[in-house]
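Quick one: structure below, then a few questions.
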Amino acid sequence: MTERFILIPGRTSKQGCGVSEGKFDQVYQQEITTLQVAPADMKRMGLANGDRVRVTTESGRQIDVAVTAATGDELPPGLLFIAYGDLSSRLMDGDTHGSGMPTSKGLDVTMEKLS
Amino acid sequence: MATPPITKPIESPATVITDATCTFCGCVCDDIDITVKDNHITDAKRACVLGKSWFYGHAADDRPDCLIEGQPASVAEGVERAARILTEARYPIVYGLSDTTSEAQRVAVAIGDAIAGTVDTTTSVCHGPSGMAFQGVGEVTCTLGEVANRGDLIIFWGGNPAESHPRHFSKYSLMPKGMFVPNGRKDRTAVGVDVRKTKTAKAMDLFFQIKPRSDFEALWTLRALAKSVEVDPEQVKRDTGIELSRWQDLMDRMKAAKFGVILFGMGLTMTRGKHLNSEALLSLARDMNAFTRFVVKPMRGHGNVTGADNVVTWQTGYPFGVNMSRGYPRFNPGEYTTSDTLARGEADAALLVACDPMANFSQPARERLQSIPYIALDPKETPTTRSAAVAFTTATYGINTPGTVYRMDDVPIYLRPALSSTHPTDLEVLSAIHRRVTELKK
Amino acid sequence: MSSGYFKIAGGTVYDPIHGVDGEVRDIWIRDGQIVEKPSDSNIRPDKTLDASGLVVMPGGVDMHCHIAGPKVNAARKMRPEQKRKAEKVVRTSNTRSGTMGSVPSTFATGYKYAGLGYTTAFDAAIPPLAARHVHEEFEDTPCLDKGFFVLMGNNHFVMESIHRKEPEKLRSFIAWLLGAAKGFTPKVVNPGGVEIWKQLPSGNVHGLDENVAHFDVTPRQIIEQIARAVDALKLPHSVHLHANNLGMPGNWITTLETMKTFGDSRGHLAHIQFHSYGGGEGDENTFNSKVVELVEYVNAHHNLTVDVGQVLFGETTTMTADGPLGYYLSNAFKSKWFSSDTEMESGCGIAPIEYRNTSLVHSLQWAIGLEWYLLAKDPWRVVMSTDHPNGGSFLAYPQIIQLLMDRTYRQDMLKQVHPAVLERSTLADLTREYSLYEICIITRSGPAKILGLTRKGHLGPGADADITIYTPNDDKTKMFELPRAVIKSGVVIVEHGEVREPLTGKLLYVAPEYDTSIESDIAEWFEKYYSIRFRNYPVPLDYLHDREEVACARL
Amino acid sequence: MLTLRYKADTTVPVEVEGLTPSAVRGLSIAEIQRFDLFHGNRKVPLAELFEISGDPADARMEFEGDLAGVHWIGAQMSEGEIHVRGNAGRHVGSEMTGGVIHVHGNASDWVGGEMHGGLIHVHGNAGHLVGSAYRGSAKGMTAGVILIDGSAGNEVGLTMRRGLLAVGGECGDFVGANLIAGTVLVFGPCGNRPAAAMRRGTVGLFGANPPSLLVSFRKSCVCQPTFLRLILRHLESLGFAVPSECYNANYGIYHGDHVAVGRGEILIREN
């Protein structure tokens, strides 16, 4: 089943440490290729840590990514979070609305579980 | 927690550099005591988790100083190729600059001028929108020592310093015992406004978990309350997800504060509304000065992004996204900013200094960058250096090279390097490119 | 074989420091300095510039302007709309591109000052915590020798030592701070007022004897003690003061009291025009000029010097270390407003402004400035300035010169301003016309002397070879707008307004001695309150490129 | 009439600032061919980018081809007429003071930026910041008329001081933000936060399901303002298609923005 979410890419300290270590090393790569989902949403969509999902934006940009449950109540239901990097950049459109800044947070997406 | 690299068994003398500066994030902590053994940093006292990774992760790579099309080459050959690419281009861009010294930034802007290109920094995809808001309504701010000495109401809006600026609480905003806040944390009320209940939110006295993308509505509610404008409680709850009574309570605390501070992050600038979100926040801080002293400060991400703003501004008159194709500086965010010149397919060559657009830019921008010749300077290997026509492996500022950086509050700090590096510095490479470009342009 | 000499032949020379008033003479230059004519008459100069029929003066000295540092750079960033429409500074083979508007970019600032024949400039207000920023900007500001005044009037250590009545400690701290910043002299801005602004909304002091909360000192004590300390240190230039209540109607009373506070200590009052207003508190229709009363005191007290801070009509940007003033102006003009308080040291305020000749207040400000030049008896103690860019741009100096030298031009302008100027100031009945000699004093020889720069502002042997050559013209604006040639350190850097050789210019700083035992005191206070480490605060000598220490007189 | 057929094939920006009817009206064809334009950072003669024919004397210019990459068309123009038979780039008619521009295709961002007079009619869609102030300006458009038949992006009429702006299709967020005065009418759906920080002036939102207004606007009444009928008729006289139902619909009048001066009005069509 496919559900609508709002995706927020952002920084994490693990991602920050990973940058210093090396962007082709394990810490950074693991952090930017893991999508955090609220525990309630995981349960409702029958998702377990490590399962893979397809995330699609309104303009049709798409990524397949592994999920993990967000810790505690950090992420409210309906919201997705990922450390910004290659995968989150693939979802960003080019339009900056006359500001120089592409819309990189608060993206309307759909998420569906990949069998 | 990154573990320090294993030191060689033979006991060789360790040297300690006191009050060295960490340039990983905008805190630019200058109280780090670094221990160096066999040209490796083995300890970084008082550095946070990000700082420790920064110092341990930047031992000199044994990669070649220069690669042309991925093949090792001499720096001189790389400089020659770089200068030709930049002088032959009709719409070259110079981008990045926020993780290098101001001395190197000044040469990079000089190159941008000489090749009649466009100079832009990572500000345009960080707090550029806040810079545009500043140009619209102004800004009332202060240095971080004022926050530490006077701030008694600290609001963190759309940012997560606990993860991105780990020592900010203890060094500047929440914990310090200051002249007018002698009891430190106990004399302060900490307020968080964000869509996620982050580690930062959990350290707050009050937390406003607003609906996603409703920062503008929340700020507008506070601006209305500041001016005692009547507002409809249902609509406030519907727009922001928070009861009007809670916003009113916050406004009462803001008016009662002696020295209010709002520190804000990417939640405002990267979300729908962008520069007008920042403008709403800057206007709110100004409005509050009718009642009490209130200041606002954008939480700048990189070690010298504020330096990049300053250097580009004093040399050209504009802070970022400066086009010099006509022989004089022109400014227009949304036209000359790098996300646009790439995504629109306009830039036809690039000089990328200490940045990684191939990892972080929008998809159309990355596709364009992939298709044009560009030069990349970076101490580490990144997706950007991997597909560069010319890639220079340079020494790391603050670890291998001295120089000046500007903290998030524009305070200049001088770097005392801990280790030497076999690689050339950004300044050396850029100066060589500038000399060659000037000759080719004659 | 080159003799190393460069000769400027047959010019009509003005050198007031040596009493030379338009005498036809040659000037000999060697190794960047002015030298005696070589006794051996068959020595030929490598190069000769025929200055016959031309006016030859020392290079201009601007002793009070805002051209570098955090607030100036914030003002550049804040005014893209002005820069978009202003004159374009286009790149050439040996000069950088730039932008103008009220706050030009650094390269443009250097080229434009040199284009007017100015070769020395001092930034008037720098918080020491930002000193490195200024040194970096100075390196990108070509053609000018430069220095800056270090903000101290609201410095916590200064206020505390004054409160504890420890003049020796204050003196040592001032000397240490000047050395740490590599500055030139203490700058006192709205003493006490900026600290109250940091504590209270719209906070300010309104009189010299008001107590500054938490520090228990008064503005009068701050001025008096710093002035004495500066004289005791025998610094080349006196304390440089921006008095309290700038811009407020009725502030002349504070200004007169402030002048008296100096006693017989040296003192320089900056942009005195902004401090010479009669009238009731915030009451526009009683706003009037009090120059007559104030100039009388200055004429009679030789320890005092002033620069005028002339207002000119048109759009500009006000920028001041006086935080509360910035807030007041931005509210008065409903404009965008920037304010930044620097920990322990100072504040600043920026607000765009437009002076209109239809406005009573602006017209009076314009008239009051001219009254100061025309009523001051001693041209050596009244200096040309627009407090660039607060009253207007330094590019307006030629227009001010014409207003002072050409009575009819002045009367014509008087017809275009608000009629209230006629009865609320004495400008209408002032007929004095400045001579070239006097203009030379107020634009270079006077400020050089006041700054204590023995090798600037004159053309005698030993002077730096900074020389400007003008083509005589009845239209004084044209004459001073486009010098025929400008020579800096013996090199022709500008000809007919074209920059030939953009030299970097050197930093002028002082390094007064002090009892180093104070450093432990300072370190202890510093580590307690500052947000950076004490070790990282001072600017070491090797951080500076071209530099010259200006000696203090013998202690 | 002077015809300029665009023949260049480049993604590097082409800038034609200064190429206005009054600038070329007195020139010979040879002189026009040597007219300086910019292709990225290279100054190039016009003939390298355009095939020209006809006579410039009547101050009427026709651009043919896809000029989406050609910017500043008609910028600072004071008289005459320009027709773009295709798409146009950024800054069409920026700071113009008089004359008429028709873009028969789509236009990019900053159509009529800080315009001071004249008429711009985009028959296709426009980008962001139509009729807006440039960054930092205290005043945007001060006079003139901009008509967009299709859709427009964000910040339409930003900081407008005076003038008339009409969008036939939908528009993006912040339409009429910081409006000082003047009139902005949108006949299609519009994005969020309309007229934020508006001081005076009129913003009309006539599309279906209008957005919820900011909390600092207050509904005053429902009426059929006569001035609106006059403006609608005026728009029709200029060749703008006005949906007939707008003439006598009921309009909710909302006053604001009370966070700013609060003497502006938003008209929302109710039926």
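We call the chains A, B, C and D, going by the order they appear; numbering starts again at 1 in every chain.
Assume a contact is a pair of C-beta atoms (placed from the backbone, for glycine too) under 8 Å apart; a residue touches a chain by one contact, two chains touch by 3 or more.
All figures in this text were calculated on a predicted structure; none of them were measured in a lab.
Undergrad: Consider the two chain pairs B-C and B-D; indicate the one with the greater count of contacting C-beta pairs.
TA: Output for the comparison: B-C.
Undergrad: Could you tell me which chain lies farthest from subunit A when each chain's centre is the average position of its Cα atoms?
TA: Looking at centroid distances, C is the chain farthest away.
Undergrad: Chain with the smallest distance from its CA centroid to the overall CA centroid?
TA: Per-chain C-alpha centroids compared to the overall one single out B.
Undergrad: Return the distance between the CA-based centres of subunit B and subunit C, expressed in whole Å.
TA: Chain centres of subunit B and subunit C, defined by C-alpha means, are spaced 35 Å apart.
Undergrad: Can you give the whole-Å distance between the Cα centres of subunit A and subunit B?
TA: Taking the mean C-alpha position of each chain, the two centres sit 22 Å apart.
Undergrad: Centroid from C-alpha atoms only, then distance subunit A to subunit C, rounded to Å. What do you get?
TA: Their C-alpha centroids are separated by 56 Å.
Undergrad: Two or more other chains in contact with one residue: find those residues in subunit C.
TA: If we look for residues of subunit C contacting two or more partner chains, we find 78-81, 84, 335-336.
Undergrad: Tell me, which residues of subunit B touch at least two other chains?
TA: Residues 116, 132, 135-136, 272, 324, 326, 331, 333-335, 344 of subunit B each touch two or more of the other chains.
Undergrad: Specify, in ascending order, the residues of subunit D that touch 2 or more different other chains.
TA: 109-110, 128-129, 134-136, 155, 173
Undergrad: Chain touch graph shape: choose line, ring, star, complete or other and state it.
TA: Looks like something else, not a line, ring, star or complete graph.
Undergrad: List the residues on subunit C that touch subunit D in their complex, please.
TA: Subunit C reaches subunit D through residues 78-82, 84, 335-336, 352.
Undergrad: Mind pulling up the subunit A residues that touch subunit B in the complex?
TA: Spelled out, the residues of subunit A in touch with subunit B are 6, 8, 10-13, 16-24, 27, 61, 72-76, 78-79, 81, 84-86, 89-106.
Undergrad: Within their complex, state which residues of subunit C touch subunit B.
TA: Those residues of subunit C that touch subunit B are 68, 70, 73, 76-81, 83-84, 88-91, 93, 96-99, 101, 103-108, 129-133, 136-137, 140, 156, 197-203, 214, 327, 330, 335-344, 350-351, 529-533, 535-536, 543.
Undergrad: Mind pulling up the subunit B residues that touch subunit C in the complex?
TA: Touching subunit C from subunit B are residues 18-19, 21, 30-31, 102, 106, 110, 113-114, 116, 131, 134-146, 148-150, 171-172, 178-180, 258, 286, 289-293, 295, 309-311, 313-319, 324, 326-331, 404, 406-407, 410-414, 442.
Undergrad: Within the complex, which stretch of subunit B touches subunit D?
TA: 89-92, 115-117, 132, 135-136, 216-217, 220-221, 223-224, 227, 229-232, 235-236, 238-239, 272-273, 276, 280, 283, 324-326, 331-335, 344-346, 348
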